[in-house]
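Below, each structure is written out as structure tokens.
Here come two complexes built around chain A, the first alongside chain B, the second alongside chain C.
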Partner chain A sequence: MSSHTESSTFGSLELARWRQLPTWLMAGGGLLALIGAAVDLQRFGYAWLLAFMFFLSLCLGALFLVILHHLFDAMWTVPLRRFVEHIACLAPVMLALFLPILVLAPKLYPWMTIDPETDHALHAKHQFLNAPLWYVRVFVLFGIWTWLAYGLRKWSLKQDETGAAECTYKMRRYSAGGIFLFAVTLTMAAIDWMKSLEHQWYSTMYGVYYFAASVWTTLATVYLITVVLKHAGPLRYVARERQFHDTGVLLFAFTVFYAYIHFSQYFLIWNAALPEETYWYVKRETGSWWDIGMIIVFGHFVLPFLTLLRIDAKLNLRVMVPICVWAWLMHFCDLSYNIMPVRHAAGFPAQWLWLDLACLAFFGGVLAKAFLKSFNAHPPYPQRDPRFAETMEVYLPPASSGRQASAHGGAK
Partner chain B sequence: MNGSAKPYGVVAEFDTPAATMHAAEKIRDQGFTRWDVFTPYPVHGMDKAMGLRNSKVGWFTFIGGVTGYITGMVMQWYMNAYDYSIVVGGKPMFSPIYSFPPSYELTILFGAFGSLFGMLFLNRLPRLYHPLLKSRRFASVTHDKFFVVIECGDPKYSDTETRKLLESSGSKHIEVAEE
Partner chain C sequence: MSDLAIPASIKVHAPPPELERPPLVLNQRGLGWLSDHIAGVAEGKTPMWWWIAFVPSALMLAIGVICVTYLISTGVGVWGLHHPIMWAWDITNFVFWIGIGHAGTLISAILFLLRQRWRTSINRAAEAMTIFAVMCAGLFPLIHVGRAWFDWWMLPFPNSNGPIWPQFRSPLQWDVFAVSTYFTVSALFWYMGLIPDLAVMRDRSKNKIRKFLYGLFALGWVGSNRHWSNYEKAYLLLAGLSTPLVLSVHSIVSFDFAVSQLPGWHSTIFPPYFVAGAIFSGFGMVLTLLLPLRKFCHLEEVITVRHVDLMCKVTLATGSIVGYAYSMEFFIAYYGGNPYELAAFIQRATGPYWWAYWTMVTCNVILPQLFWFKKVRSNMLVVFILSITVNIGMWFERFVIIATTLAREFMPSNWGYFIPTWVDIFTFVGPFGLFLTCFLLFIRFLPVLAISEVKGVTPQADPHHPLGGAKIGGHH
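Now for the complex of A and B:
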């Protein structure tokens, strides 16, 4: 394997030592998760849901970045696009990992076992929020994500071989329609799987709130993966200052965007002070949930905002690597803040942290294996993308330019 | 030429961006501080060739933004909670939550002021007159010529050496601009 020999010659980062890590995460996490399931099936379900939503963030965030690349005809994302495509293509694996939630749904979502005739909020929402439709939507959503992600990657891989412009046009077509499908499906996923945990609640910002947090976490992950792939070899010559700087800038933008969205949600609910809306936050200002809320305000926004504010911070790995890892921690807190108060009204369930982490580890292990498998099976970056030369700051005169110039001269 | 006029700097004309870039690299490596490059359009990589650091405008923006945020918060506290307190919508007299959107707007406004006025200050603008505008040849900088100007006020400047340096870097035409 050429990438392996490269990494051993250039490798400033020894990766061979970590080769078994996904297997260990999968085995260890899986075992602990099984113990958790035996101890308390419902609590296991919530831990699993948290881990699922965490990695769904990466999967959908990656799909969004690929779509974004084609919509803006971006240049700087070309070297990063391939591994982001692979992350987006984890959608079918995510469907397999959704299985426990599918089975445990009636235990996790109180509305599934309530008679809508006895609950006004549920009755009002019953057209959308009913069990059969919920199950159907699971498959529709995963179907759409898989179709989009695989379609985009199929043409991208085809371009590696043919170099045809047609592939770019196809990918653009997927993206142009895909962005609408993406917006609708992500919103539904956020509503179905997280927001409906408390079915009485109203918030029109919930979908975009999950979106902002997802893309933020994805950008941090993309930055870290780029660092690893650059030092390990595959992206050594193609991931340059520009790629790191611009990923950092986008991360900074989404730091602000997330805060803007979350504040807007809180502010509107606080200002209107309607009981059917405020109860959601009142619950989350109880006990140690208050502290988690403060951690989100200062750790999800203020700290990364001030750290990323300076232009040179985005290129400084000593700043960026800790911030990106920190972003994972913050996203975990954020999801816990959204999911866990349903089960733990008194405060953050520190005594169950082991189960949450076990599920996260299991997901991480499984998805890392799936990711590495597709990463190793294909070229590490788009080989014949029409924007590639430009990205590498190489000027190639168009093949037909000479002929065209003479034709113009002749016409004069 | 009017002999009594004070010289402003040497103006060297170039035909191509590449030649200008190489000249800029040479001048940068010699350690000149008061000099500039003029081109008809932005030339990528010129900032590096000139050894320019990041602009300091960001600091003006930041200080402007912080001032705006504090102004917004203090203003609303003073008006709603201190000077003439009125209960609105059952909300507290002062709360950072409702005060945030206006403070945020003021952060942006003052930040923009900071950027604009910081940029004008650092560029020493507005300025009604510039010595280079007296040069006839220099007018072609808006068309197809590239110029490197080294000011006489530069500590490294010398009448003969600087001219030689510019000649050796391939300038086709060198003249002295007057104040």
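Now for the complex of A and C:
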């Protein structure tokens, strides 16, 4: 059966009640964001940056999961890989959404308007942190992500038609080089777009910190999308207990990993008590930022940790769906904790929450539309991935015995 | 949530022949063959190669005992320590051995939780290696304090001296708890995994003493359904408990340095960087030990090229993470704008210890990149050589972090250069003797592979598999 026929068998994603949601999010969020921009352009810029970094987490987290799939020669991720590829391929849309930040950068990044000769911290790294190079890096980073994501998806789609081993080898090669590029580019993005908001501060852990938070949020998103796609139809038969369980396990692992990374960063800075490092956290212990810090400790770690600890929790949608939505909220708090104290040193800016949410809604709407377009244009899961039989627990005779694609008698 | 039956409209294709996964036990060997072959390593006449390996190992151990005796009776002045380098090979060796001790628990716990079935052929030897490596590691903090007879002061218990309590704010004190907990849990995990195999050894023994001893330690195991059920549950729980331990031990070791304010030591990436380095060095040592083992004990059908291939990949991944950490440290030393921090790193790369730094980078970052190539991963000799370079590189990493940082303090008048004495050198050699002696005794007296676990990953053990239900492979 050709992939085209299989694609039509699965049909497109039909969620009639929610079909207009992305449009509404775009329209509503966009309108409010425009009002926000008119009221306070700089504040709008920070809200936009927060939304951007939130959804960049998903894009990069998805790219990481695809790369990981190929490097590990994994099998349980096969049914989920296609929609994860589509999320990674949102990179060019993200570049378009970065345009307001490009324009507003001098308003958002104080270092851009400081004379390096008058500021030691900036002067020391001026060869790296200067406006022209910062702009160039934006395009280099997006170029690399786009090339990687599209390259991986291109061969994945080609394998739907041919089933050739060559496609797998190509994807592995992309992933082999890609993992290095990914590590460097994600770190650069975290430094350029978030850490440099306070250019005096530094931490070798920062790239890993953003990575851990990004993958955690992506896994929660992947879980939710899998639930939707299983119930809506496209992944009804291929997203099985194993996919839910293992995604849940990985989410649990990254819950701990994120806490480990953030605790290590905080603890080492606190213990060494060097003023050039501690001021970043001192600022975040001021006013209601302290409360946000506590919310991160208990909400980003303790609650999901205790919830996901039980083995059976990973298969219980009444537990998992709320915890995945909660993960979005926590990631929002985490990013706000990183970005907003630059503008609101006194505490969490609850009065501007509407603008933050508006930008998030706009991003969500635009990206959901782009995602659905890709999803509906291609088969919903890799049709002829070499590990598909394994993940479906279908035993096929070994190659040496003349391998004809066999039926499903062996399926569990 | 339940799985739906796959409708006929969904076609499931077999993988292309070149992408089929090779089996974990070659030649469709049966369960009886596995018992005979693995248990056979610890039975029968001691082979000549074992003696050839054992005698020099025991000699190295003896040299180590002499050195430690001399050190304790004379004082740490017999080492080359002098201001400003008051930690050098001692703590380098400690961190080196602790790192090696990480692979065993990683394989037995984390890979178990990740359902990586290939771990079964290597976990037993790796766990044994862990325990012996932690023993070697534990030696150095005990002897480096100078007055080893006061080591018990590190333990918190009521006493009449004031009372004197340990300094709980010191990461060195945390090491005491981290390492001892890690050793206890690793030993427990290892022993528990051994129980079913000890029963196999008991049942196969023809010698009464062996039968008694294996029987004693097998704790009356008969392989009943209830035994297996309890065993599996306990194994899962211990795996869950061991996993945070793997991360915590080396994180705490990294705190020994990172909580300080010393340029070159104070870096927030240290905990995950140390853990990755520990796994990297641990896998390096596992490869160094298992490659000769599979050859001399004729275990090529159980420790297959696929196993070696996968271990190389873990080594490559962790080596690359370590490379990321090296780069990030250097970059942030520049980015942070602290001139002392930057100077510390420039000194590492271009100062008097440049040779140590570049040995570290070459062995830990550049050479492991060869593992990207399947040809390299399939060539056992090349893998063996690369695994040794990993060991060398990781020892140098600790030396670079510890000694070279101390050698260049803030003021040039406070600079120095460490030259080891003969006692340093032989105190370094001695633990290798302890480690290899223990490992060789382990090979000789205990099942070197987890027999029951290896059987569990064969197709015969899977009733759903077309080859399952012991349709092939002969007797049990």
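Methods note: the second predicted complex is superposed on the first by the 384 of 412 C-alpha atoms of A that agree within 3 Å, B and C clash if a C-alpha of one lies under 4 Å from a C-alpha of the other, contacts with A are read in each partner's own complex, and residues count from 1 in each chain.
Everything that follows uses one rule, which is that a contact is a pair of C-beta atoms (placed from the backbone, for glycine too) under 8 Å apart; a residue touches a chain by one contact, two chains touch by 3 or more.
Keep in mind it's a predicted model, so treat the numbers as computed, not measured.
Enquirer: If chain A is used to align the two complexes, do chain B and chain C fit next to each other or clash?
Expert: When both complexes are placed onto chain A, chain B and chain C end up clashing with one another.
Enquirer: More residues of chain A in touch with chain C or with chain B?
Expert: Between chain B and chain C, the winner on chain A residue contacts is C.
Enquirer: I'd like to know which partner A:Asn271 touches here: chain B for first, chain C for second, both or neither.
Expert: Both partners.
Enquirer: Let me test your reading of the model: by the given contact rule, A:Asp312 touches which partner, first (chain B), second (chain C), both or neither?
Expert: first
Enquirer: Answer with first, second, both or neither: which of chain B and chain C does A:Lys125 touch in the superposed model?
Expert: Second partner only.
Enquirer: I'd like to know which partner A:Val140 touches here: chain B for first, chain C for second, both or neither.
Expert: In the superposed model, A:Val140 contacts neither chain B nor chain C.
Enquirer: Indicate the residue numbers of chain A shared between its chain B interface and its chain C interface, in ascending order.
Expert: Touching chain B and chain C on chain A: residues 267, 271, 273.
Enquirer: Sort out for me which residues of chain C touch chain A in the complex.
Expert: Going through chain C, the ones touching chain A are 1-21, 113, 244, 247, 251, 255, 258-261, 266-272, 313, 317, 320, 324-325, 328-329, 332, 334-339, 372, 464-466.
Enquirer: Inside the complex, what are the residues of chain B that reach chain A?
Expert: Interface residues on chain B, with respect to chain A: 54, 58, 62, 89-91, 97-98, 100-101.
Enquirer: Quick check: in the complex, which residue numbers of chain A touch chain C?
Expert: Within the complex, chain A contacts chain C at residues 1, 6, 9, 71, 120-121, 123-125, 128-129, 163-165, 168, 176, 179-180, 183, 187, 191, 200, 202-208, 236-238, 240-241, 244, 249, 256, 260-261, 264-265, 267-269, 271-274, 276, 315-317, 383-384, 386-390, 392-400, 403-408, 410-412.
Enquirer: Within the complex, which stretch of chain A touches chain B?
Expert: 263, 266-267, 270-271, 273, 309-312
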